């Protein structure tokens, strides 16, 4: 055979030079860690924790960036640095919750569809198709609207639009694993379906889903910010980034700071998530060849 | 080929019906009284009753759904509670506006993304690749509404190069009225030779289209890069090189076409995605398209309109997927004969 | 005609080929035999000028009719590839671009090297006939051809381009035994008719003994033995060659398959 560089199929996590070989992943992780630290430390680091809630300071309305207020203040005088920092807590928590809920719905459905095949499979997949045909944003908006806008309901709405992707992914994997001979032998031995699903099918089908989740995190964040921007998500005084941008939109021409920092926060967090997603995908690509 | 297309069409219809049913049910669950929307806040109780009977809100949901489905098939998409016009005619003005915007955005995205992806693949691992990848990550991570605001601020207000909102200069309604054929100002102006409107509508199109193009361009650049790199690793490229073809031929033809498969799929998905997401861009740039119509309908609890919008988007989505499947089969002969 | 001296190929720090000398004359067939990883294919790619495109570094001398190929400019190399040195590969169907009709590649390659449209079509048709294929097959897509047909198309391309040297990298390894024989026949015919010089890479001693005049045995990137086929395979001097011969199943020992 030709002597091409050997592809790394098993990621060598512990070897030195990991950073050099996976720069995207490392960069993404570093960024995300920074954001998480900011979010965790917000109650102590933020200049005015009360401003993340209902406090108002009528004398400081729409002040520009200064040493007291590095990000300026908003339309009721609240410190924007504080609000942006607290916003990190909200966004991070939301992304995690959406992924969890979507996973809890989607993965079992996919496992069942792929393992049992037949009628069950058809029904589940048709339902999945219908949900997939729905533009995610539209459906999220509709649901968020029905459920009265709030961060919690927005989380549920987004999760409900997101699960079909995971079902489809898992079903594919589960279906191919279910036909393998060793599963047959399990059944012959009298192992119950539930046990087979849990001990054999699930662990082997889950990797693509986890990879997909890492890639979805960015999209979920942007969707949430968009919904809040349109007024159907977080409501005042919740310091959600999308909401802050929508509040600042009308003042943009003269009070540029209102919109800018919150928007940058969204941008950088989304970049962090996307870099991690890309990095993981690159790392697991079995055809990774380091040539010219 | 015909068989393949017919099969896909059948499946598509099924999905669309499912979407309609789902939307209808959701819409009925929305709290709030559609009768109030229709009749206005000052209607008396008796009037509301009358409206309710008129709109058929008394009958069981299943019956309403049945009637609605029947209506759809025959071209009657019910009347909007808000605008009092048939939903279908509302959509007939709103949809083309969004399509115009998204198409312009996608063309821009292709013009930018495709070459960047090729450059990225050609120089992979080196500086041009790194730069393109940074740009595409930013493109995909950018919050659309924020980008829209910034572009509007910089180019429209501060620099004054481009207009801030609308489809084209309203003054032209009088000085150079436009006869509409397909409700797309740019195309109509082109067809009727109305230069003033053409210029105005193109300049109005640039900013919103650029915002729409951000995400697809970033995505396309990455997809093209990955797909081309994959193709380059295949043995037929080695054969092509051994015949004496150089980089230009390889990147321009021999590696490009086989790599297009996934790219086409992504483009169609992105089109549907962008169509649904025009909400945000339309909101900022005051674009009278589907997104604005949907937002207004949602706020007014205008069920027929909501269902109509969802239906049209689902149909577009299905049609697009169908076109993609057909295009793929046309480009890659292996798919046809499967 | 083809002179290789001190050829070295590296992937990063790892040297995969260290060939001291190889010679090939017109109408001659040189077999390069070795196991997987011996560097035989890489040697072929280096000679054909494809190695840098795979990320490898090449040093040494490869002379075609006295002209040095290593270090030649890209443009000059591209002229040589196809026109003077042609290659055919293992797994013939995968070696053809799946989304183009076979004729597309064929004709464009001919026109790349200077033929006119009409000229190209003629030469292609003629070449196809010389490998016992109907020119109509040019309208097909690769997956519509059999392995044997696809390989013959590849050979036809080399013929049409009027290459002086044909490098065949395991051309029959992916084919059925009966089809193998057909391909080998075609190659033999070409050697006779076109005075083709051929570099035949294979791990199959039986095939090599049938079609090659001289043979070079490679192990771990180096040529460990070389010489005329009959001598080397009947009276091997290097221990590795003896091992190779011993590993061949009895039914196809060189004595049983005198071409």
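A, B and C are the chain letters, set down in written order, and residue numbers restart from 1 in every chain.
We take it that a contact is a pair of C-beta atoms (placed from the backbone, for glycine too) under 8 Å apart; a residue touches a chain by one contact, two chains touch by 3 or more.
Predicted, not measured: the structure shown is a model, and the values here were computed from it.
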Worksheet item: Computing the C-alpha centre of each chain, which chain sits at the greatest distance from chain A?
Response: C
Worksheet entry | Leader among chain pairs (count of C-beta contacts) | A-B
Discussion item. I'd like the Å distance between the centres of chain B and chain C, where a centre is the mean of that chain's Cα atoms.
Written reply: 52
Fill in: Geometric centre distance via CA averages, chain B-chain A, whole Å
24
Fill in: Sequence positions of chain C contacting 2 or more other chains
53
Practice prompt. For chain A, write out the residues touching at least two other chains, lowest number first.
Written response: 292
Discussion item. Under the stated contact criterion, what part of chain A meets chain B in this complex?
Written reply: 126-127, 129-131, 133-138, 141-143, 145-146, 218, 222, 225-226, 229-230, 232, 242, 245-246, 249, 252-253, 256, 259, 263, 266-267, 270-271, 273-275, 278, 287, 289, 292
Discussion item. For a test of understanding, state which residues of chain B touch chain C in their complex under the given definition.
Written reply: 234-236, 238-246, 249, 254, 257-258, 331-334, 337
Response to the item:
Seen from chain B, its contact residues with chain A in the complex are 14-16, 18-19, 22-23, 26-27, 29-31, 124-125, 137-138, 140-146, 149-150, 153, 157, 230, 233, 272-273, 275-277, 279-280, 283-284, 294-295, 298, 306, 309-310, 313-314, 317-318
Fill in: chain B-touching residues of chain C, taken from the complex the two chains share
48, 50, 53, 74-75, 78-83, 85-87, 89, 91, 94-100, 105, 109, 112-113, 141, 143, 154, 157, 161
